[in-house]
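Please see the structure below; I have some questions.
Which chain is which? They are A, B, C and D, in the order written, and residues in each are numbered from 1.
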Amino acid sequence: MIVVMKPHATEEMVQAMVRRVEEMGLKAHVIVGEERTVIAAAGVKRDRHQTELESCEEVEKVVPIVAPYKVASKETKPEPTIVSTRNLKIGGSHVGVIAGPCSVESEKQILQVAHQVKAAGATGLRGGAFKPRTSPYSFQGMKEEGLKLLALAREETGLAVVTEVMTPHHVEMLSQYADVLQIGARNMQNYHLLQAVGETRLPVLLKRGPSASIEEFLLAAEYILDQGNKQVILCERGVRTFETHTRFTLPLATVPYLHERTHLPVVIDPSHGTGIASLVPPMCAAAIAAGCDGLILEVHPDPSRAMSDGAQSLTPQAFAETMQACRKVAEAVGKELG
Amino acid sequence: MIVVMKPHATEEMVQAMVRRVEEMGLKAHVIVGEERTVIAAAGVKRDRHQTELESCEEVEKVVPIVAPYKVASKETKPEPTIVSTRNLKIGGSHVGVIAGPCSVESEKQILQVAHQVKAAGATGLRGGAFKPRTSPYSFQGMKEEGLKLLALAREETGLAVVTEVMTPHHVEMLSQYADVLQIGARNMQNYHLLQAVGETRLPVLLKRGPSASIEEFLLAAEYILDQGNKQVILCERGVRTFETHTRFTLPLATVPYLHERTHLPVVIDPSHGTGIASLVPPMCAAAIAAGCDGLILEVHPDPSRAMSDGAQSLTPQAFAETMQACRKVAEAVGKELG
Amino acid sequence: MIVVMKPHATEEMVQAMVRRVEEMGLKAHVIVGEERTVIAAAGVKRDRHQTELESCEEVEKVVPIVAPYKVASKETKPEPTIVSTRNLKIGGSHVGVIAGPCSVESEKQILQVAHQVKAAGATGLRGGAFKPRTSPYSFQGMKEEGLKLLALAREETGLAVVTEVMTPHHVEMLSQYADVLQIGARNMQNYHLLQAVGETRLPVLLKRGPSASIEEFLLAAEYILDQGNKQVILCERGVRTFETHTRFTLPLATVPYLHERTHLPVVIDPSHGTGIASLVPPMCAAAIAAGCDGLILEVHPDPSRAMSDGAQSLTPQAFAETMQACRKVAEAVGKELG
Amino acid sequence: MIVVMKPHATEEMVQAMVRRVEEMGLKAHVIVGEERTVIAAAGVKRDRHQTELESCEEVEKVVPIVAPYKVASKETKPEPTIVSTRNLKIGGSHVGVIAGPCSVESEKQILQVAHQVKAAGATGLRGGAFKPRTSPYSFQGMKEEGLKLLALAREETGLAVVTEVMTPHHVEMLSQYADVLQIGARNMQNYHLLQAVGETRLPVLLKRGPSASIEEFLLAAEYILDQGNKQVILCERGVRTFETHTRFTLPLATVPYLHERTHLPVVIDPSHGTGIASLVPPMCAAAIAAGCDGLILEVHPDPSRAMSDGAQSLTPQAFAETMQACRKVAEAVGKELG
């Protein structure tokens, strides 16, 4: 932690700050520059130390040196984490593909699409039974009935089921049906929910909040990891920026950036990341070329009849073509799709 | 709803789309322009109609005409909603002032600051007992013990207690201590939580998410209103933008913009909105001049010893001076502070 | 400058970096922490030193300690700069008011509006003769003819003329007509233009670019100051964020933040900052309460017939009412309007 | 253009608006919905019509139907534009590669790097002689001397020279040395400069401004095209968002989105887009997989001694490895690199 004093801080103020730093059990090094005096504070820091020092009037700013996430850090565990459940493998040389509709709508719909995405090469099945919707007047999902249909689709196809959990008291029930619990972007900082899924031993797919920094994202993962659940999959699904021509802005540099800092695998969601079906195939290819460990995609038998997110859903045929194109890109970067 | 067809849509495609619109129970009007054909669809719309039409391949875009929030809308209820509990009045000609520490830290701390802010003119007391913290390793609040201290401070001062609820199963317990339930920015779209507070009859202070659009913000309020709880206070606390010199960017135009669209009162949080204590007083004055219905502020007896958010907390003395300055601005715009 | 070494940097790498820092003529202080080694580099730095050190492979990051602007800094000149030309006074206890149409459209229009804004209390007249327009097919201004009309309006009313210059070779010509040269937001980093206006001795109103950081904004001012022109007025006109309900997001915290760092006066443009005429009056009041040194506003005799920016222009009557309301707020904060 | 009337607009107001629309030479269609009346205005529109209608008090909003760019639009010219100069081919099946240092620093530096990038497969040479720098105190480039060195490097290697022009009166001089004129991101809306390069017959590489919308980007291209210069290369170099872990946020969905709307080729700049050398190689691969027509990259013989942008520059060896990896990805998507 580097404490930068204000321009005209007196020797006395600097000494008072040094005592303060030492009271925290840290070692203080004073460096007198031409325009500012800075105090480097070394030792085991606690989050509140920074807050406290920043609040001192004679301090201009405090610069942290070490990232605050620990268990998620590559410094803690250098080798990559591979999440594997049923046929779905995410991480290492595997690019897992999770496909399916935004919402489970009927038995016919989910079974049909499950078989279609399986045939095209998917190894995971997505489908929402509990749907977080911006408006209270929108379709909120089939709830437990939808989970049963997902389980049925799994039975028929062998695909791992990935589905969203919205509130802590649903975690137990969903755990009976799901292979991977998904935390939606809106809930990335719903800490009670993160702790609840952290207490299970199911893999968790954690979506980045639309305005979360990478540090906040990894700290959200840390809430899960801290409960002993080590199988966290990070999912970039686009961030909210001034751009309005796409639903969100999809920053693929997240992939290599996270790979430099964390051992957790990184999955891309180009459906939400763009919001436009025709942009999904090129962004799948780009995500793989950027080194991602998996894709999560919306596929609907008839997007124009979908109860949610139709505009960004691929048809089963477009999905099959996308898989073919992506397989070549995966090979070009030394990975295996599906 | 206006459906814009793609440039080279044939007459046949237009007719198919007209049938589709009519199947939805809407009336279709076709307008053939020089470069595009558009279909105006009039009637009672459901959210999913837009989604469905957007997914049709021959459609370029769908433009909604009417905002999707209803109960929150001024079109439903033109006169402003005034929230009043104990001495705290928010709305109409009253600019309510809720002040207190980020976190309840001890009996001494909360009682001291409660008396101080009361003396300076506050009518509500803020203080977190359950704290949503970015890192799992940060101080998480005193929990129920903290709530008891807040109730004690209320008993001594008469200030209305405003405190945050983080998860649905805490709502009942918090309702025993709080006068106003606060939904934090991170939980603005935690729909189960919104519904749970909607089922109480306590006023709810709903913070805008850092990247929520105004429409999403009002739809989050709608989740609460839809449960029959009509006392929703909207709180702007800053949005996340490219600006890093302040903690968030505080867009005060939110105040008059919301006042044009909703009857719900609007409160400003300049502490989180700027993150820097020295910027809080001018932004309080600016918020009042912009027409806000209340302020929520962090005040700590010794900010440099605060367990959270010290850098943005006012000292009791700075708060008292701010109140004095704000009283004049409130008068200048025909309002009453506190 | 603080150089943070990568986690596993060896003693050798640290020593190499120390030599490197010393080659730059800086003094190096090594601080060995538990998780990182940092090197504090004190002395006179040049911009490229940071770049060089950042590029070294064993360096994690370089944290600058001192802001790169000099002449604009309050550390160089603590007392506020007041810009005064004809009746227009900006800074100190004066809140200057510059009003007028987006574009000069005709003699009748500009003379009419000049008299109207003068009567209501404005001391400056804005009006574009050279218009930067997003589309090449939009009205580009009346050019020199427009400048002559502005000069005529000045003659009749005594208002100081503020008008935009778009390219270096126009500077001389515009200087014959203008009292204040305006640099538009799109040109904030058009360095040749900044240098050209820096060579004149006319006050310059420099608009913040829609995504410029405060540091970039002050460095743009520094380009002008560095040429010897000390009369720079900083203008916040809104930044581009994810918000779309207003044209831009107007961050009023810019006002006190800049006042803490620079002696230059700060003017607010709520017309561009919101893009919606009905939001302009409350944001004028808020800007004054936040401590601004001036306002620049669009006023048009008949906004619905304006050739540009009609939606954000006040009618002369709305402007007069706004001035009345603002006068009270200015008094409340100890300032004088106009 | 769709004009949405305010909720309680009377029949009279609607009729007045219809007359207004007809005065503009447009045909008006009135559609009376349950909650709003809308007027569809068909015909040849001029930019100012939208502005005028938006300014009418009884109008809630005006929704444009057709994009305002014309010459850049795929509707005007469906087949893709291919820019070809010396060995550099951008567009069609060619992924052009422009590489070189941020700034020309010396004869030795530019010749060395030119030979190195040529050997690795580049077909264009970048290098700044006139440098737009955020601070007036930073290195501003070698100016004409630098251009001569670029011409020398071209002579020796055959690489096409791409270099930035900052102000209109330099256009003629730069045209003697450059094969492609680059407009930097800061100058995307410097309209006099756009017109000046539009008057030449050299290809222009136009960088997207860091907060420019796609529509503004294409309208900037339109300024060049409108002067008769048809060889415009669009360059995405990252946008400014709340993300700070990378220098900018690089939105690769720009590539397929632009390809759907314009015939102009699209080039990606992952050096500025990320600002971190280690992220450049994966983002090059991702850009190609997303379908881009070219790359522009910073390569420096010794990044840690670079006078600008060292942190984002590849070493010649890293560049050669990147080219090898990219060649495979290009093949996988049916394109040819270089």
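Keep this in mind: a contact is a pair of C-beta atoms (placed from the backbone, for glycine too) under 8 Å apart; a residue touches a chain by one contact, two chains touch by 3 or more.
Model, not experiment: these values are computed from the prediction.
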item	value
Chain located farthest away, centre of subunit B as origin (C-alpha)	D
Chain centre separation in whole Å, for subunit C relative to subunit B (CA means)	30
Approximate Å spacing (C-alpha centroids) for the pair subunit B, subunit D	38
For subunit C paired with subunit D, centre-to-centre distance based on mean C-alpha positions, whole Å	26
Contacts with two or more other chains, residues of subunit D listed in rising order	211, 215, 240-242, 244
Overall pattern in which the protein chains touch one another (line/ring/star/complete/other)	complete
Complex contact set, residues of subunit C against subunit D	46-48, 51-57, 68-70, 132-139, 166-169, 186-187, 189-193, 209-211, 215-216, 219, 222-223, 226, 240, 277, 303-311, 313
Residue ranges of subunit B touching subunit D (in the complex, touch as defined)	2, 4, 7, 29, 31-36, 38, 40, 42-44, 63, 65-66, 75, 211, 240-242, 244
Residue numbers on subunit B that touch subunit C, as the complex places them	211, 213-215, 239, 241-246, 249-253, 255-257, 260, 273-274, 276, 278-279, 282-283, 285-291, 325, 328-329, 331-333
